[in-house]
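The following pair of complexes shares a single chain, chain A, combined with chain B in the former and chain C in the latter.
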Partner chain A sequence: MFIGTEKLTHTYMPGTPFATKALHDISFNFKQGDFALIIGPSGSGKSTLIQHLNGLLKPTSGQVVFEGKNISSDKQELLRLRKRIGMVFQMPEEQFFSETVFDEVAFAPRNQGFDDNEVENKVIEALKKSGLDPDELRMRHPFQLSAGQKRLVAIAAVLSLNPEVLILDEPTVALDTAYRKNLFDLLTGLNHKEGLTIIISTHHLDEAAALANRVLVLKQGELAMFGPAAEVFGRREELYNLGLALPPVTEIMHGLAEKGMPVKTSVYTLQEARQAINEVKRRDRS
Partner chain B sequence: MAAQPSTIIEAKDVDFYYPGGEDADSSALSGINLTVKQGEYLALVGPNGSGKTTFLKLLNALLIPTHGQVLVKGISTEVESTLPEVRRACGMIFQNPDNQLVATTVEEDIAFGLENLALPPEEIRNRVFKTATLLGLEKLLRQPPHLLSGGEKQRVAIAGVLVMEPECILMDEPTAMLDPAGRCDVLNTVRELNRNRNIAVIHVTHFPEEAAGANRVVVLNEGKLAADGAPVEVMTDLQFLHGLGLQGTTAVELAALLRQDSFPLPPQILYNRELVDSLCSLGQKS
Partner chain C sequence: MTRSITLGQYIPGQSFIHRLNPRLKILILVLILVLLFLLETFGALLASLATALAMFVLAGIPFSYLMRGLRPIFYIAFFALIIYFFFTSGGVVLLRIGFITVESEGVEQGLFIVARLVALVLFSLLVTLTTTPLSLTHGMGYFLKPLRYVGLPTEEVAMIMAVALRFIPTLMEESQRLMRAQLARGADFETGSIFRKAGNMVPLIVPLFVSAFRRADELAMAMEARGYRIGARRTRMHEDIITFKDWGALALVLVLVALVWVLSL
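== the complex of A and B ==
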């Protein structure tokens, strides 16, 4: 098992009147190099689950496993673990606190005790990996950047430690179409070229559906589905009943199929949809 | 004879500069003229950084125009003594509900505005309960807001505005953090308030599907008004939208690709259903 959980249960504020069971008996595993999605309606436990994966939360019972080993609660080991499993929170730019982009990205490497030269190298590399121009941006104030650039700086700040797993909680919230596409292109590149394992928690499948190879679905803190993307997305009715929606383009294909057009429905991008519809037309003619 | 819908908001020659950026190039907004009438549902779209949020803040006097004037129900937002009336009439829903929730329980949070009006406790309790029920929050009234999911928090924020019975609701990407079911809930609720109680809505969104559901779409680009029209005019003009880095609805985008492949589709396709129906009727003709 590369990264996953075994019988993970988490209760917030146990033993108080506010005790809330957020996760119950969750077991799954993602493989190295996966582009994985954790989806589920609001309040289903997505954020709680991913915060376990780099040890920010501890299971009430059960285990979190990384590279076949139980994540221990030893402080030193947790610090090492968090270097290898990077976490980008929702709206991460709201946590910016430095005067320059450079300092923002340098925070983690400095904390890890690298010397100035190494820090500089790591910052520049991380900015480049995030699709940003270090020379143009390093001395800028983070708040002067565009919304899309801010989000990328936040990702660079996590990439600065060269993690092997990148976890992102709703990474495209409040970004426009162009920035969303840009961000997903970046993540795809990191996944394909660098072999970075990517785990995204989201309930917005529009862009993510086409990229994911493995999907975990949560429902009220329980594992509702887990498997290859094609298999999970094939269970449209169940997803719909959970309050989840496939991308609009997939819905169009289902709409056509329901009206009797013999069209493929496992379609997640405009280009795939275009091909599938043209395919039907060609078959009609021949 | 039906009365003309009255004007709720009027922006006259509005320029806005953030402090420190007085030169003409750095205006966040320039030369904005816009009138919003009672009962209108206006979608405000534009790329990140185009001035949408700034404009929204000008409409309930969180910001005051550098030049020009904003009138809410005829009251200028510059006049300090009438600010409470301006802000009651134009309630704001922010992108991130965490920035908006102040109290220790959901009930107190929704009641916050009413308590400031010094209404009798019984009246407050009734109005809070009615609003909470409308938004499906009645079971959460005793919960602390910070323990709710993102979607639930946003509905609490909306309840806090709705309970003040505003004439206009300003929403800054209110569904960005909601799951599809939550999105649907909130949009339906807001649409209902718009239709049944004639509350005007100004809805900033990055989702073309949401903009298509409004009855008027206003596009901002680089601080200027770039378009103002019905969804079927604005959201189908792909040359214009793509030029700004925006997109049409999925149906508009797919229809455009299929027209390139010489599918004779009508020009005003905006919604999924229209595309599905058109494609199916083509199939029957051939």
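== the complex of A and C ==
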């Protein structure tokens, strides 16, 4: 097991009249190099679940597993773990506190105790990896950047740790279409070229659906579905009942299939859709 | 972190004490506090302590909250006891260590003071634990009303207090989220000297301020959009109606105070 949980349960404020069970008996595992999605309606426990994966929250019962070993609660080991499992929070630009983009991205490597030269190298590398121009941005004030650039700087601030796993909580919230596409291109690149394992939580399937190879669905703190993307997305009715719509393209393909056109329905991008339809046309002609 | 602030932490419930009108609840609390100062015998104090405990049970408040609420006065009680034990003279000598003596008068007075203190805190705690902070401020605002005649904008002060109370949990949650976010980036909030620790708080404080100001801006705009104006008369969605039961409770306590006064227990 690369990264996952075993019978994880989390209760907020246990032992008080305000105790609420956020997660109940969750077991799953992702493999190294996965592009994994954690989906579910808002309030289903996505954020709570992913904050367990690098030890920011401790399970009330059950285990979090990384590389076959249970995550320990030792402080030094947690620090090492958080370096290997990077975590980008929801609206990460709200955490900015530095006066320059450089300092913002340098926060993590400085905390790791690197010297100035190494810090500089890591910052430049991280900015480049995030698709930003280090020379143009390093001295800018992070609050002056556009929404999309801020999000990328926030991701660079975590990439500067050189993590092996990158977890992102609702990374596309409040981004427009162009920046969303940009962000997913970036994540695909990191996944393919750098071999980074990527875990994304989202309630908005659109762009993410085509990229994922493994999907976990949460429903009111319980594991509703878990498996390869094709398998989970095949259960369209159930997803729909959970309030999770497949991308519009996929819905159209399902519609065509219902009208009697024998097209493939496991299609998540326009390009794939065009291919599938052309294929049917070609078969009709011959 | 959220656990350390019991004062103003409301525990939801449906008991008679929960449903008591907040204005009268405050008035009754004041009367009870006066009553506690009028009591002069151990028996009467113990009876009031027993009453307080019974009311906690009636209100369905877990015992742990009671203990947590008493924790802040533990040291005060402890030092009061020591001072009374060792420095008050009179009565029979109970213990003699060298030239220091513990005498019966001191023990009696010390225990009496501590019992009274505990009773005071318990009754106050009962009110804050069974009343939402919001209705508590509205109640207080009502008693502040006469100050309007000397030019104090009481309605606005009550609004400021209500807004501040409303945002305490929000900011707490936000600071915890921020803390976890910076921890994920390798921040360290626990080790180092006090100066280091203070420096390490910058990644927490700056974003917290930024978001607090943004929230304040948004709130002001939303309030204005809904017609909030300074100095305008406001009505409330949940009017606090004083029922027959509320008057009954007040009358009961008044009778009790009068009785104690007359009999001088």
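Note that in this section the second predicted complex is superposed on the first by the 286 of 286 C-alpha atoms of A that agree within 3 Å, B and C clash if a C-alpha of one lies under 4 Å from a C-alpha of the other, contacts with A are read in each partner's own complex, and residues count from 1 in each chain.
Simple rule for what comes next: a residue touches a chain if its C-beta (ideal position, glycine included) is under 8 Å from a C-beta of that chain, and two chains touch if they have at least 3 such contacts.
From a predicted model like this one, the values you see are computed outputs, not experimental measurements.
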Overlay on chain A: chain C relative to chain B, clash or fit: clash
Partner chain in contact with A:152 - chain B first, chain C second, else both or neither: neither
Contacts of A:87 with chain B and chain C, given as first, second, both or neither: second
Partner chain(s) touched by A:8 [first = chain B, second = chain C, both, neither]: neither
Partner chain(s) touched by A:175 [first = chain B, second = chain C, both, neither]: first
Which of chain B and chain C A:54 touches, first, second, both or neither: second
Chain B versus chain C as contact partner of A:132, first or second or both or neither: neither
Which of chain B and chain C A:165 touches, first, second, both or neither: neither
Most chain A residues touched (candidates chain B, chain C): B
Partner chain(s) touched by A:208 [first = chain B, second = chain C, both, neither]: neither
Common interface residues of chain A - those touching chain B in one complex and chain C in the other: 94
Interface residues, chain A side, partner chain B - complex: 12, 18, 20, 40-44, 90-91, 94, 146-148, 170, 173-180, 203, 243-245, 247-249, 251-252, 255-256, 259-261, 270-271, 273-274, 277-278, 280-281, 284
In the complex with chain C, residue positions of chain A that touch it: 13, 15-17, 51, 54, 56-57, 79, 82-83, 86-87, 89, 92, 94-97, 107-108, 111-112, 157-158, 161
Chain B - residues contacting chain A, complex: 46-49, 95-96, 143-144, 147-152, 173, 176-182, 206, 208-209, 245-247, 249-251, 253-254, 257-258, 261, 263, 272-273, 275-277, 279-280, 283, 286
In the complex with chain A, residue positions of chain C that touch it: 2-3, 11-12, 62, 64, 177-178, 180-188, 202-207, 210-211
